[in-house]
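What follows is a short report on a single structure.
Each chain carries a letter (A, B, C, D and E) given by its place in the written order, and its residues are counted from 1.
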Amino acid sequence: MSARPALRHRLAERGVDRQLLLLLPAALFVVTLFIYPFLYGVGLSFQPTRGGMLGAYREFFTDAYLRDTILTTLRLSLPAALLNVLASVPIAYRMRGRFRGKRLVTTLLVVPITLGTVLTAQGLLNFLGPTGWFNRTLLSAGLVDAPVRLTNNFWGVFFSLVITGFPFAFLLVLSYLSGIDPSLERAAATLGAGRWQRFRRITLPLLAPGLATTFCLTFVLAFSVFPSAVLVGDPSGTTRVMSIAAYDAAYVRYDYPLASAVAVLMGLVELLVIAAVLGWRALLYTGTTAGGKG
Amino acid sequence: SGPGQDTDGEVPAKPGRAVTLNILDVAGNLQLTQGMIDDFVSHNSGVISRVTYSKSPAPELVGKVKAQQNANRVDIDLVLTGVDGLSAGIEQGLWNPLLAKYADRLPAVRDYLPGAAAMQKLAGDSGVTVTYYPSGPLIEYLPAKVPNPPRTAQELLAYAKANPGAVQYARPSNSGPGRTFLMGLPYLLGDQDPTDPTGGWDKTWAYLGELNKYVTLYPSSTGETMKNLANGSARIIATTTGWDINPRVLGTVPKEAAVGTLEGFHWVTDAHYAVVPKGVSTDKQSAILLLLAHMLTKEQQAKAYDKGYFYPGPAIKDVDLAMAPPESRAAIGEFGRPEYAGLIAGHPLEVPLGAKQLVAAFDRWDREIGGAKVAK
Amino acid sequence: MTAAATRRPGTPAGRPGRFETLRLDGVSRSFGGHEALADLDLTIRRGEFIALLGPSGCGKSTALNCLAGLLPLTRGSIWQDEARLDVLPPERRGFGMVFQNYALFPHLSVRRNIAFGLQMRKVPRAELRRRVDEALRLVHLQEQAGKLPGQLSGGQQQRVAIARAVVLEPSLVLMDEPLSNLDAKLRLEMRTEIRRLHQSLGLTTVYVTHDQEEALSLADRLVVLRAGRVQQIGPPEQLHAEPANWHVADFMGYRNLLPLTAGPRRGAGIVVEIEGHELVGTPVGDPAPGSAVMAAVRPEDLIIGPGLPATVEVVEYQGREVAVEARTAGGIALSLLSADRPAVGDRIAVTVEPRRLLVFPS
Amino acid sequence: MAARRSIVATPAAWLVWGAVVAFFVFLAGVISSVVVSSFGTRWFDTWLPLGWTTSWYAQAWDEFTLLPVLIVTLEVSALVVGISVLIGVPAAYVLARRAFPGRRLLYLLFLLPILMPPITYGIPLATVLYKYGFAGNLSGVVLANLVPSVPFVILTMTPFIEQIDPAVERAARMCGAGTRQVFLRILAPLLVPGILAASILVLVRTVGMFELTFLTAGPDSQTLVVALYYSMSAAGIRAQQSIDAMAVIYTAMMLVLLVLALRFVNPTQLVARVRDEGD
Amino acid sequence: MTAAATRRPGTPAGRPGRFETLRLDGVSRSFGGHEALADLDLTIRRGEFIALLGPSGCGKSTALNCLAGLLPLTRGSIWQDEARLDVLPPERRGFGMVFQNYALFPHLSVRRNIAFGLQMRKVPRAELRRRVDEALRLVHLQEQAGKLPGQLSGGQQQRVAIARAVVLEPSLVLMDEPLSNLDAKLRLEMRTEIRRLHQSLGLTTVYVTHDQEEALSLADRLVVLRAGRVQQIGPPEQLHAEPANWHVADFMGYRNLLPLTAGPRRGAGIVVEIEGHELVGTPVGDPAPGSAVMAAVRPEDLIIGPGLPATVEVVEYQGREVAVEARTAGGIALSLLSADRPAVGDRIAVTVEPRRLLVFPS
């Protein structure tokens, strides 16, 4: 009778108790359905058709056409994710309070979530294309002499990332933001902090962990961009992202080891970026956002 | 077709019991053949009780079939594919070489058109050609905007030079006309070995590189080149017989668009195949053989005329437009081009590149032509 | 940082501006039809210590928030000398505030919570350090300076909130029940400390509390609220001895409120009858004979002695004295304090001096 | 008062609202160009199509056997959203609230499926599912889609849970609520905005997830995106307008789901109702 | 709903199980090395009302949370009769609790907050309604029943929290400063109400407070804590009259603590010298002559009369009496209560009865 509780207490103090069982379904799920297939894939990347264990990786890094996809991908996804998160903050901040039509504006801002890649791609091609409404407007307004090229290049993909990624970011940021106790800002106001300082010193730090998560999620979505990189991008040039290289290897050349290697490298690059962001997040305050009792 | 069913044994003449067939189309072939299949099923419900159709882009096909075969549970019974899926599957050993043993159950294979017969050779015993067309390369333009279309490859280059951005073809790996243009160039330019894109295409690569200077855009789909032709942002695009007729039927391209040929071109033909993955039960194999035999009859083949989708379409000899369904005849009567018969008869037919060479060609095109834009 | 800061010097909040009077003129605030605060008129003179006193939910916090600028007014205006104040945002009014729910910044250490307002005012670093240290000492939190608010006990949190407001030496300090979570001993100490600060820094203070003892001991003037309306404004002695109506009396510690009928006048006094016994009280607000009245008396003024008989029901130990709850034959509950300790069930009789029994119209 | 204060903040407000309006105009252009095109007979170099028709919709409806596909899509997405919330939220709770050995490792484990492109694990995953008879039907599609969805929910929900005062849970426990009830009666309602946000994101990902769905779908368990992605990028000739029509159908369906979701719970409503005093 | 509910009958929490004794045995809790609570031994008898008393941060809430099961113990055990309790999760101990920071469910109306525990216990609907209505009446919140906690004032919220706990009639009620946010009047009423409930429902109550008056009046026994350690356990009279050490005295209202040197014994008393004046006090804990001692006296026991001279510094109005802060020539601050009202600056002299001056070793 006394030995069991003792162990239990010792474990409890280290934070191990029955509540951790709640983790079990998720952990079990990920281990059975992800880890095995994933390790298989990683293993595959070390069994290339030629060049020994690391052949696939060597091929990736010696071939500039493959290697450059890393930079291409980052050049697209980092700015897009940053823009999505940064633009969401002021908009969500404005929309925190109560005002008429808030629901409508929120709903409208969230609409792009429903678009899907195909409609976005078609829409961008139609709207921004050389004879689309956008260029027509510019031309008839006399702002430009020749149609501006905004599709089948970097900008097309970038716009599609913003259209699909921004609502995600906005929705998350708005929810995180409304979880912050408004009396904190009021306290700051009575202490002489103006709008900007209240935001900068109180709201932003409390929001930052949420922003980090939001950034990670939008970044991941942007990083693995595939259909729009092909459909509205320039898939052999400026928007040849890593997923296109992986796709080519897997489904065009049927070189699965190389495809796995590219995919593993994709994951690694993402992991590096996210580790940096989450590492930064770990330094932040992440507790309750209430200001005290009540 | 779960485990435990016979998949390797002798294929009976008729399935023991009516089967359900799961057909996967990765080539857009059902547009032509769904009518034939439905016709068979409605008359032979004792052989095939039900058919389910699904569609997907070709590249994902191999992964899916592989996953099923690894798990010993194949539930795709029949695949309709183009050359790419066919040869990828052959390379990976996915297909059941049905013809090796049961060619006699498909007597129609002896009646293929010469071009179709050549295409069938590519498939070996692993697939059966069901539809065929000579494809291209052709060029398409609006006569109002291009009164004097180029007649040779050099003229095309000169035209592109004089009108930067006016000539367009889609990224070859995403587009049939794009790849037909690519594969047709070695013949047009008299390259050393038109079947070896790495060693024998010097003139082709030089030509494409030169042309690249005046091409502003390689769209990711043929459809988009068509749209650009229609709205005037491109003047000359690469096309094929099917891509010439069908979009005009659909209204994506103005009816008055015209096609032209470049002097000395060879047709680079194309076909669709029916293949059976390994691991499909013998009952189903038997049903499939009966179905294919039906599809290769002349009456059924006539349906392949469609609305010019794969013009002409039939793989079998002596299938006249007159045998086709009335809508087909009407559409082709209005939008078809009488000159095609002469062109098909008057120019050599070549089979397309094998999968390996084609991939090598795509890769080189991506790096040197499409990817060169990065450096600019 | 930019617009607000550069515009500041011209406003009343420029330097914590000393004012002569602060005038609330018909200040009202409704929440969806319900008037939480109605027509508050009050002139606060520089250096005064005002306590807002009233039961829970009477609108004290609402009044304070209106004054701070955190709640827009529904009606009325606020004037600082001749300048209209209610149009300014809170950060430009230059007031300090202690919130009822603390509202500490959860991500800043105690030290940085306290330093926040000074940083906003761009106080030089050395002075900032000095003043924060002083404030920490004041609230006995030197050792917790590095902790986050979430790691403090309730009382410690409240002390941080106090330190954060007073460190600014603002022209007006608003406090919303700042001592409510402190322990009794510290509460007494802090009470004296707040009063001392108020005097030595020359602060003007508006202090919300529901503790009449606290209000009486701290304030120069008390404002008693009930259901959003002012009941009485005056210095502590006046409220304590001469509550304006029975609600105020109730709140000022007249725990025994007896609904009776007014009898005839007897000299300056008035006769009321309770269960056959006649008591003489002091009329307030001229109750008409025969009308319903409310007779009010404090527990400490009910004396055990010949008079109204009652039975002891509860005896609570309170140190030197005991609190006794007794019930008359007619079922009226009486609270009294007693130096002796009667037993539960004892029969006693109680009486009261006429000047200690206030009789209000009810 | 309120009016005066908002004038003070004009420049920033104008900038923000300007950006929002610009975004909406852009968005409206993108969407309506597709919608207009899907109703047009032919549309070349003009502001509007030459004629109008609904035949593209009829054609899309027939060709893609849209009705069953829509039903499958709804089933799959509802199951995936439901299960991933059920599994993911408790895990997120433990990760947000508790410190225990191996927590970081576990976090990484949950992060990986989101980071790793399905190419790495899709085919082996499909093999495993086929082996045990899950693939080729609805369950396979659901299971495969759960792989990235569960971690997605965990990652989204963690900050939400961190924001809720732990004392509220303790109070519930003292009222006799077990872990389950604390979750169902207290946390779930408080987390509704977060769950809703996570659900919408998972829904979109699931409806839009081509690869895993295709690899594990059987003939009767294709989702809309498989059909749609096919029509967009498969070989063969297809009228732009019919693709546009498909895309509009897809979007309309998602929009209906979203509007329904937003009808029941406004993403910011619950938290805001509790905290939005005055102002 | 399933596992927990069906397993319950066998456990102590089955039906709000009445127990005879509840024994805390060396209960300790550390936070990262810092012992917030150390070696608490305490036996609670059924029906007892125990108050945990101590200054802010002394570990009162920690002790309560350990008892509730919300904090795992670092050391020690808790026994309910012969059953070990500290291994059970909070929801299976069958206790009720009122939290210091309310901890109301923000998404549920007042009524549903109160009904929550009853629903968890599957009380039939009609009884649930009746009991909730009763609880609402008890805390005067009938009119707010439909509101959300966020729409209530601070005091109203606290009352909901009290109602939520007592509606369960649990075998042990834990209260963490439940009255600290109520206004003074309501606090007195609720205090009596809690005591009444405790008796009528036969509850056993552990009550945390920092208000010694509250503790004295409510509890059967008091536990005085300081820095996590028990200082004294005993009935109110004992603690009030005979504090075990000067820390307890300090907390029990002996506001004047004078660090002096012990003189010789005089009878049962002991002489201490302060600024040349001799005072006689009662020694506690045998201070050796010549050693440093702490002399403690309450403000109400310091009498103005021949003795130690001092100058009046602060006079605070407190109703009937005034509180006076005076300073001796040697700079020692003295607090006393006085019925007359001296003016600031007046010179007075103070004295104290020997039995009222406690002398502790320091």
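Convention: contacts are C-beta pairs under 8 Å (C-beta built on N, C-alpha and C of every residue); 3 or more make two chains touch, one makes a residue touch a chain.
Values in this document were obtained by computation on a predicted structure and should not be read as measured data.
Novice: On the document's contact criterion, could you list the chains that touch subunit C and likewise touch subunit D?
Specialist: Chains touching both subunit C and subunit D: A, E.
Novice: When every step has to jump to a touching chain, what is the lowest number of steps that links subunit A to subunit B?
Specialist: Minimum number of steps from subunit A to subunit B: 1.
Novice: Between what two chains do the most C-beta pairs come into contact?
Specialist: Chain pair with the maximum contact count: A-D.
Novice: Distance from the CA centroid of subunit B to that of subunit E, rounded to the nearest Å?
Specialist: 88
Novice: If you average the Cα atoms of subunit D and of subunit E to get two centres, how far apart are those centres in Å?
Specialist: The computed centroid separation for subunit D versus subunit E comes out at 53 Å.
Novice: Among the residues of subunit E, pick out those that touch two or more other chains and give their numbers.
Specialist: Each of 89, 100-101, 154 in subunit E touches at least two other chains.
Novice: Among the residues of subunit D, which ones contact at least 2 other chains?
Specialist: 44-45, 122-124, 127-128, 165, 229, 232-233, 240, 243, 275, 277, 279
Novice: For subunit A, jot down the residues that touch at least 2 other chains.
Specialist: In subunit A, the residues touching two or more other chains are 131, 181, 183, 195, 230-231, 247, 250, 287-290, 292-294.
Novice: Please output the residues of subunit E touching subunit C within their complex, sorted ascending.
Specialist: 54-57, 61, 100-101, 151-156, 159, 177, 180-186, 188, 192, 195-196, 210-214, 216-218, 236-237, 240, 250-251, 253, 255, 300, 314, 316-320, 323, 325
Novice: Any idea which subunit E residues touch subunit D in the complex?
Specialist: Subunit E reaches subunit D through residues 1, 3-5, 65, 68-70, 89-91, 94-97, 99, 101, 103-108, 116-117, 119-121, 148-150, 161, 164-165, 168, 174.
Novice: Write out the stretch or stretches of subunit A touching subunit C in their complex.
Specialist: It is residues 181, 183-184, 186-198, 200-202, 205-206, 284-285, 287-294 of subunit A that touch subunit C.
Novice: Spell out the part of subunit D that touches subunit E in their complex, as residue ranges.
Specialist: 165, 167-168, 170-178, 180-181, 185-186, 189-190, 270, 273-275, 277
Novice: Please output the residues of subunit B touching subunit A within their complex, sorted ascending.
Specialist: 59-60, 62-63, 88, 91-92, 171, 173-174, 216-221, 224, 227-228, 231-233, 359, 362-363, 365-367, 369-374
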